[in-house]
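One chain, chain A, links the two complexes that follow: it is found with chain B in the first and with chain C in the second.
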Partner chain A sequence: MRPLWFLLQKEFRQIFRDKGFIGRLFIAPAIQLILLPMAANFTIKNINIAIVDHDHSTVSQELADKIKSSGYFKLTGYTDFNSKADKLIENDKADIVLEIPDGFAQDLIKEGSKKVAIEVNAINGVKASVGFGYLSGIMTDYNNQIRMEMVEPTPLPAQPDIEVVPSFWYNPTLTYYIFMVPAILVSLVTGIAGLSAAFNIVKEKEIGTIEQINVTPIKKWQFILGKLLPFVVMGAVVFSFGLLIAFVGYGIAPIGNLITMYTFLLVFLFAILGFGLLISTYTETQQQANSLMFLFMMVFNMMSGLYTPIDSMPQWAKIITHLFPVSYFIDVMRMVVIKGSGFADIRFHILYVFIIGLVLNTWAILNYRKTT
Partner chain B sequence: MKQLLSFVKKEFYQVFRDPKTLVMLFGLPVVQIVLFGFALTNELKNANIAVVDNAKDQASQQIINKIAGSEFFNIQKVLTSSSEIDAAFKEGKIKLAVVFPVNFYNDLMHTNKASIQVIADASDPNTATQLTNYINTIVSDYQSQLSPNSSVPYTIIPEVRMLYNPDLKGAPNFVPGVMAMVLLLVCVMMTSVSIVREKELGTMEILLVSPVKPLMVIVAKAIPYLILSWINLAAILLLSVYALDLPIKGSLFLLVAESTLLIITALSLGLYISTVTKSQQAAMFASMLGMMLPTMLLSGYMFPIENMPVVLQVLSNIVPAKWYYIIVKDVMLKGLGFSAIWKETLILMGMTAFFIVVALRNFKIRLE
Partner chain C sequence: METVIKANKLTKRFGDFVAVDEITFDVYKGEIFGFLGANGAGKTTAMRMLCGLSTPTSGEATVAGFDVFTQPEEIKKNIGYMSQKFSLYEDLSVLENIEFYGGIYGLSRSEIREKNKELISKLGLEKEANNLVRSLPLGWKQKLSFLVAIVHQPKIVFLDEPTGGVDPYMRREFWDLIYDAADKGITIFVTTHYLDEAEYCNRVTIMVDGKIEALDSPGGLRQKFGVASMDEVFYKLARQAKRSAD
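This part shows the complex of A and B:
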């Protein structure tokens, strides 16, 4: 056990003497946790709309007012020239152009229906369909309103009417950052712990100091453990710091049990550090380790459900996602922090990540060579 | 000139003799295109839900069948009481629960009015609203089936045209973003790290005492990454045209020229980072924080800029990728010419000039 103790002493000293490193350890989480949730907002509002009004009737103007006052749209142009409106979409000044034809109000009454043309910039497909959804919702509402004004009123609803009453649990205001902050914390811990672990051994290789360790009587597993433990501590510190920022900055206090969360954190760190060590046994220079880690981190981040739901992925992608520990942790954090899920709810998550960690660490130990 | 050439050769050897880094460099665009093109989507399908049917009558059964039959939902659980919903949410098995009240059909037939409760797990707000909307659509569909013969007067019919992307695919939005990401990554991170590496290993000293001018040492470092970036650009464009069916509507020459401008911007930023950092880890960190994060967040391809707080909207103007993203969208997807993008081009050029000037002022030819 003594060699392990010496190695640990060396590692901690190395970490604490690198002032820049300690700074990075805290600056990165702070910046990410403050910036990301502000930016990562998929709520769609402030859609730029331009209206081409050939009709100039009270009806067309009322419709325009309705759109303006809905809160979803920003009127960026109101004209009666087609050509100008087309230019607005081309120049990104408008996302949607609504064209009300000449004689709109008259024909609506005479012929019973009238078409209006809507053009949408659909480069961002989600934004386009949501924006069009809002617009057609407003038009239907307005349509019902004028119908009420024009048709004789009846006492009872003439047709069966089913009301859908929605209620949103755990996040009734539908605030997006409540969803993002716990997950961003995961991607942070993953990045910092995984990267540092990978760099640590590779740096010794590149500079040549690993030779000195290789000639000591230390055992392979002791070496791996000695490299792993400091980063477990570091990961836990960064995680706690992140939780604190989430609480102070966003008022997010975990509803679930902290012990549940930290238990999972330990299992997760075991797995992700194993991955970092594995990368370091396969690479010779920091640049290589960085490139490989970056590629994997990007895949982890993209596929782990951080930005897009895992449920909507194709089957092959789901399988890949579940081979990585990150998606489990994001899931667990959201469950425990937002919904207050307990130990029993996440027991399979713990089991899977533990198995993944066991495989990765064994692989890393087997692949570590004390001779070159 | 000959000296510069031999230096460029040295850099090429260094890059190409490191297959692990190369794999990542060329793997990155492919992986990104495949992921964004085929795996990542916000479109929800087969969401697991639960139903609580307190009515158990004709109408509730019909609606449940309609929900089960739709591609959006998969009825995972049939609960007997609303009190079981919380536990099911906490377990994470379902995303939404539909609750029918007792006497649902009776109320509907006699008073023409009835209600359904839809409870969504709003820890994911977007999924919650989308799923609720789907249920709404299904229910109003059912409603219009109940009274098929009523004609509605005074109807406004919207006729919609989705420009540039009629099928509402995800690719047109992200391909320009991926291009920006990959070019920046290769140029900023790789250049800065490879220069700092020479410092860290001590070989910079050897380069600086060679007869080649110090500036040329740096130019020679940048050239291989410029060429690698062109190859990556070609790979992305080929993949998006042939694998994702995304046409290049504007001039290919203009697109390549503008991309080269971004590459040079990135190279000069990488150069600047290398002059202010001492270790590879610090250089990586600076590139990550200075380049990757702002590019992901503030260029507009992942998150709409107009929804962000004003501070971030203002901040987004200093992110080169934002301007490049606008340029690529205009040229590639809308098919516009140079007259539409001269302003963005000018801004990128200004940024490049700025980075080059500060990098040169910081570049030290003496050892510290």
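This part shows the complex of A and C:
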């Protein structure tokens, strides 16, 4: 056991001596948790709209005003030429063009119906579909309004109205950051703990000290434990600091139990540090480790349900996400923080991540050789 | 004489390349055994096999009575090693380095405290004891590396070009430390390409293209080749080399 204590003592000395690392430990979470949730916001505002008004009537004016006042749209062009509006789309000045035909108001009154055309710039698919949805909503609303105003009131409504009253569970105000902050925290812990552990070991390879260690009788498990334990501590520190930011900055207080969260954190760190260790056994320089880690972090961030729901991925992709400890942790964080889930709810998450960790660590230990 | 290293047709191949080609030799307890050769002759590879860092392809060898194939971890308990690359932690102080290596070799805290005092006074580093190793001049670092490599009183210490890049005065001081250790019964296995240092060894082998071409005392070698200095012995042998230097 004694060599392990000396190794731990040495690791902590080196960590605390590396001022840059300590800085990253606190600055990275602060920056990411404050900036990223704002950027990763799917509520779309400022959709640029251009209106081609061939009608020039009070009715068309009213419609335009209604769109402008909705808060979602920014009027970037008001013209009576289709070609001008098309130019705006081409130049990326307009996301949506609404074309109000000539005689819109008259026909509406006379015939009770009139078509308008909507053209959508669909390069950004999300913006396009959301923008179209908003605009359709406004149009329907306006439609109902003029029906009320112009059509003689009938004793019974011509069409039965079904009104939908939504009730959003767990996040009633649909606040985006309640959903994002816990997940970004997971991504942070992954980055800081997994990456640093891999770098730390590869650095010893680079400067040659690992050879000096390999020529001592230290046991493989002692060396590995001595390397990974400090990053369990660092991971827990970053996680706690992140929770604090979430509370102070966003008022997010986990509904669930902190013990549940930290228990899962430990299991998660076991797995992700095993992953870092594994990377370090396959790389010789920090650059190699960095590029490999970058690749995996990218995949983790895109596929683990951080930004897009795993449920909407194709089946094969879903299977892959089940191999990432990160996906489980993001899920657990959202469950515990937003829903207040307890041990019983996440027991399979714990089990699976533990198994993944066992596989990764065994693989890494087998692949780490004191004698080549 | 007691044999502490025994190598018999020890060979290491990397694919088609034969880095070390059937080398056979014995090293006796307490001697300073020099390993000479041009860059790329296979000195380091041979040494790494004996240290249990690299498994030989074929042949046999025992170090301190343990087999290099089956008992590398036992060997590691009995040897010290100073690699070609500087291997102390630059971001730890002199004392912290001694403490760390002493600790992973299983020394107790009180043994480490004694070692600290002993090594610091031997090196005359009283003022620098708490400075980071980074701030020491190379010669001092190498001397410290050597003392750290024998902090656990090993039976054998392997030194891989320990004085590379060190000035002549410091090299002299380094060799004083080596003699000191040899006097205490530690067998010294040292590679070098400073030929004056070869003269300091009890026996010298000269490796050319992975093979041992000569093995004798420096005096014996000079006589055998009919030359006045080790330099000439080396040039005569090294000229035969076909392998290009690294």
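The rule is short, and it goes like this: the second predicted complex is superposed on the first by the 362 of 372 C-alpha atoms of A that agree within 3 Å, B and C clash if a C-alpha of one lies under 4 Å from a C-alpha of the other, contacts with A are read in each partner's own complex, and residues count from 1 in each chain.
Heads up, the rule we're going with is that a contact is a pair of C-beta atoms (placed from the backbone, for glycine too) under 8 Å apart; a residue touches a chain by one contact, two chains touch by 3 or more.
What you see is a predicted model; the values in this text were computed from it and never measured.
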Is A:168 in contact with chain B, with chain C, with both, or with neither (first, second, both, neither)? first
Let me test your reading of the model: by the given contact rule, A:1 touches which partner, first (chain B), second (chain C), both or neither? neither
With the two structures laid over each other on chain A, which partner does A:248 touch: chain B (first), chain C (second), both, or neither? neither
Would you sort A:39 into first (chain B), second (chain C), both or neither based on which partner it touches? first
In the superposed arrangement, does A:208 touch chain B (first), chain C (second), both or neither? second
Between chain C and chain B, which one touches more residues of chain A when both complexes sit on the common chain A? B
Using the superposition on chain A described above, determine whether A:259 touches chain B (first), chain C (second), both, or neither. neither
Sort out for me which residues of chain B touch chain A in the complex. 18, 20-21, 24-25, 27-28, 31-32, 35-36, 38-48, 86, 89-92, 95, 108-109, 111-129, 132-133, 135-136, 139-140, 142-143, 146-147, 150, 152-170, 172-173, 185, 189-190, 193-194, 197, 201, 279-282, 284-285, 289, 293, 297-298, 302-304, 306-309, 312, 326, 329, 333-334, 336, 340
Along chain C, where are the residues that touch chain A in the complex? 51-55, 72-73, 76-77, 79, 81, 83, 85-92, 96, 99-106, 108
Touching residues on chain A, where the partner in the complex is chain B: 20-21, 24, 28, 31-32, 35-36, 38-46, 48, 89-92, 108-109, 112-129, 132-133, 135-136, 139, 142-143, 146-147, 150-151, 156-172, 174-176, 178-179, 199, 203, 206, 282-288, 290-292, 294-295, 298-299, 302-303, 307-309, 311-314, 317, 331, 334-335, 338-342, 345
Within the complex, which stretch of chain A touches chain C? 2-3, 5-7, 9-10, 13-14, 17-18, 207-209, 211-218, 370-372
